[in-house]
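I've put the structures underneath this note.
Two complexes, one shared chain (chain A), two partners (chain B, chain C).
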Partner chain A sequence: MTPEMLIFIIIATITLGAAFMVVSSRNLVHVALWLIVTLFGVALLFTLLSAGFLAIAQVVIYIGAIAILLIFAIMLTRRTKEDVKSTFNSNWRWALFIGFLFFTGLLVILMNWSGIAAAPPELDSRANPVVEIGLALVNPNGYLLVFELASVLLLAALVGSIFVAWDRRK
Partner chain B sequence: MIPLSWYLVFAAALFCVGLFGVLARKNAIAVLMGIELMLNAVNINLVAFWRYLGPQDITGQVFTIMVFAVAAAEVSVGLALFISLYRRRGTISADEIDLMKW
Partner chain C sequence: MTDPLNALAAWFQTILLNWGLPENVVSVILAVIGVVILCVFVLLVDIFLVWIERKVVARFQDRLGPNRLGPFGLIQPIADVIKLLIKEDITPNGASRFVYNIPPIIALATVLLMWAVIPLAPTILGADINVGVLYIIAIGAISTLGILMAGWASNNKYALLGAFRTVAQMISYEIPMLISLLIPVLLASSMGLNDIITDQSVWNILIVPLAGGIFLLSSIAELGRAPFDLVEAESEIVAGFHIEYTGMKFGLFYAGELLHALTVGAIFAILFLGGWRGPGVNLPYVGPFLGIFYLFIKAFIVYYVTMWFKYSLPRLRIDHMLGFNWKFLTPLALVLLIVVAILDKVLANANVSITIYVLVMFAANILIGWAAISWAKVYTRREREHFDQKNNTNSFQTQLSEENSSAVQS
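Now for the complex of A and B:
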């Protein structure tokens, strides 16, 4: 048991516990706060995987933008008496069953896969991953097209969400 | 060093927790949060495979950034729909969103 493994176990336990609170807590504001804990745990796992840029992007984009957007939407659509009622729909037992089934299926597939014991290769200490990502994103033989498609998608989502949320009665 | 299987099992567990949230929650915004959990599980898988199977190739990280962009777009459009719906119907319970059934 190396210190890294211990750190992984602690982070994984906290993240999974927070994820369980996200799907089971009644108060929606608490749900959003637990979601932030989960996202932060995932960012820590990215650092353990030596993907530092992604960890920063996770904190900035997910926690800084998406989670705050979710909290705004929760507060705009909130009715406090809904906290008292059941938070699950009538099919939640089936949902639990499907979740367990899916998890066992994934475990069986993973255990039968031969690449599961792969050891991580050494990272090239001179390479700068941030520079590599930047160059790959603007390289026409790399991911330039995907990058442009993502920007068009974001613009379309921006215009679309303004149009959908517009109050036409005023 | 942490074995690759730990990351994969953790991501599978996170994905299934998110799946349960999507299928079982009543509130539409809580369903959206379940989708966020599932997308995060996928991101962990992508980064873990990048680190363990092909760190000379930056593909795994670039794909994760694309998932970030798609998740942001999905959340913004979804929340705009729910806010518009709340204005018209006064509810965002997934059980009561049945306008398309008319």
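Now for the complex of A and C:
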């Protein structure tokens, strides 16, 4: 077993354990904090794949913005200090069964894929990944359309939020 | 090998390799030693900062400050640390114990993590990652999280209010800060901090002074220092998020806050004041130490400016503070970013000399800043007139008569 593998197993265990705590924890704020541990675990997995930019973007966007807004919203709701009795309802067996089915399906597909055991290609140490990502995003043959669509979506959300918050009394 | 510290590291590496240790284990050992040395150095500076902070605030308030223990009261911070260590550690009733105990660690650890990417000298730096600027933003986000956890876990209304204010403040001021950070990134066309320093043959503060100003203001707000210290406004919410913390847990928050202020100074120095740049940094043997010296001098100057703000300006009201951010700083930063991006390309294509480039950029910045401030003046005057019409008062006149009456009283 290589050291990378060991680190991967540790990170994956933490991520999955935290993900389980997200659904099973009885205190809403603790749920949000466990979610942050999960998201951080994903960021560490990106680092392990030498995708530093993605890892840091994950921390900035998911932990810095989304998770904090989530906690903020939870804290503004009432009775968050009271624990709920149980987070499971009678359907948990079905959920477990379907989850298991999906997992095995994915596993079978991936095991039949030829690339599963291939070593990752060596990265060019002189290339700057940030520059490469930037060029790919504005390249018509790359992701220009997706990039522009995402910008329009975000702009629409911005305009919408201004419209909702607009004071019509003036 | 002209760099004594790296030479020392290389010498130590050969010794360890000769002992028969595998190469990757040796690199891990060296990295751990480097981290420990950097952390100890930064934390020692932190103890010294307590003394500086108390001395400077004393001078601003026409006092002497600590002057009993040691020469100029230099041993005072050590006495403070001992006092904090032997104080009782109290956990409030109903606090979420685990969540309550983590935030002091986060408060100090996040600041130490920022030093991982700060280039101290051309050859002395922790990690030269190509997304250094973004990394600093990410670490800042985690420190917000620590404050939020502290406020919630304390089971105290004032602490929770303080945490709410922090999040509102930090999320809002992150936007102009990010945009103003983009400007040095754009000029250097790299997000690595060392690349930004190497690119500054002319300090960025001379090219984009307005971006520097926006960055300084928004990072003071991120720090939660006066005039933006609503997070811990004593007259309203006692001490904000750290109200329930005692002893060394409070000490960690305090140390984290001071060190964060110096770190912001260092980041400002790197982005706008040329970081380790200065005469003689490329000299053999003494160069790296000169680089560290220059960086810290610049960081301390910026730190002094933040203290200057802190001790001479009164606290803002929360709606004014958020309004200032959303209606003034954010649009200003966006306009500046667009203008700088266009001017940079135009001037690069026109092949002008560096002097003309700097002059045009500087003039554009001053012009935008002047226009924004005059617009803000008109806007605030109009707001005040609306307010007066609504309440049948004249705030200009009341202000004048108040000044007169206080003059009579004194």
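Keep in mind that, in the parts below, the second predicted complex is superposed on the first by the 152 of 170 C-alpha atoms of A that agree within 3 Å, B and C clash if a C-alpha of one lies under 4 Å from a C-alpha of the other, contacts with A are read in each partner's own complex, and residues count from 1 in each chain.
By definition in this document, contacts are C-beta pairs under 8 Å (C-beta built on N, C-alpha and C of every residue); 3 or more make two chains touch, one makes a residue touch a chain.
For clarity, every value in this text was computed on a predicted model and none was experimentally measured.
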A:Pro129 contacts which: chain B (first), chain C (second), both, neither?
-> both
Which superposed partner A:Val152 touches (first chain B, second chain C, both, neither) | neither
In the superposed arrangement, does A:Leu137 touch chain B (first), chain C (second), both or neither?
-> first
In the superposed arrangement, does A:Leu70 touch chain B (first), chain C (second), both or neither?
-> first
Could you look at A:Val59 and tell me whether it touches chain B, chain C, both or neither (first, second, both, neither)?
-> second
Determine, under the contact definition given at the top, whether A:Ala12 touches first (chain B), second (chain C), both, or neither.
-> first
Partner contacting more residues of chain A (chain B vs chain C) | B
Residue overlap on chain A between the chain B interface and the chain C interface 53, 57, 65, 69, 72, 129
The residues of chain A that touch chain C in their complex are 3, 27, 29-30, 33, 36, 52-53, 56-57, 59-60, 63-65, 67-69, 71-72, 75, 81, 128-130
Given the complex, residues on chain A that touch chain B span 2, 4-5, 8, 12, 15-16, 19-20, 22-23, 28, 31-32, 35, 38-39, 42, 45-46, 48-51, 53-54, 57-58, 61-62, 65-66, 69-70, 72-74, 76-77, 82, 86-89, 91-92, 94-96, 98-100, 102-103, 106-107, 110, 115-121, 123-124, 129, 132-133, 136-137, 142-143, 146, 150, 153-154, 156-158, 160-162, 164-165, 167
Contacts from chain C onto chain A in the complex sit at residues 24, 94, 96, 99, 129-131, 134-135, 137-138, 140-142, 144-145, 148-149, 152, 155, 160, 163-164, 167, 171, 174, 190-191
Would you pull the chain B residues touching chain A in the complex into a rising list?
-> 1-10, 12-21, 23-27, 29-30, 32-34, 36-37, 40, 43-44, 47-48, 50-53, 55-56, 58-59, 61-62, 64-66, 68-77, 79-84, 86-87, 92-95
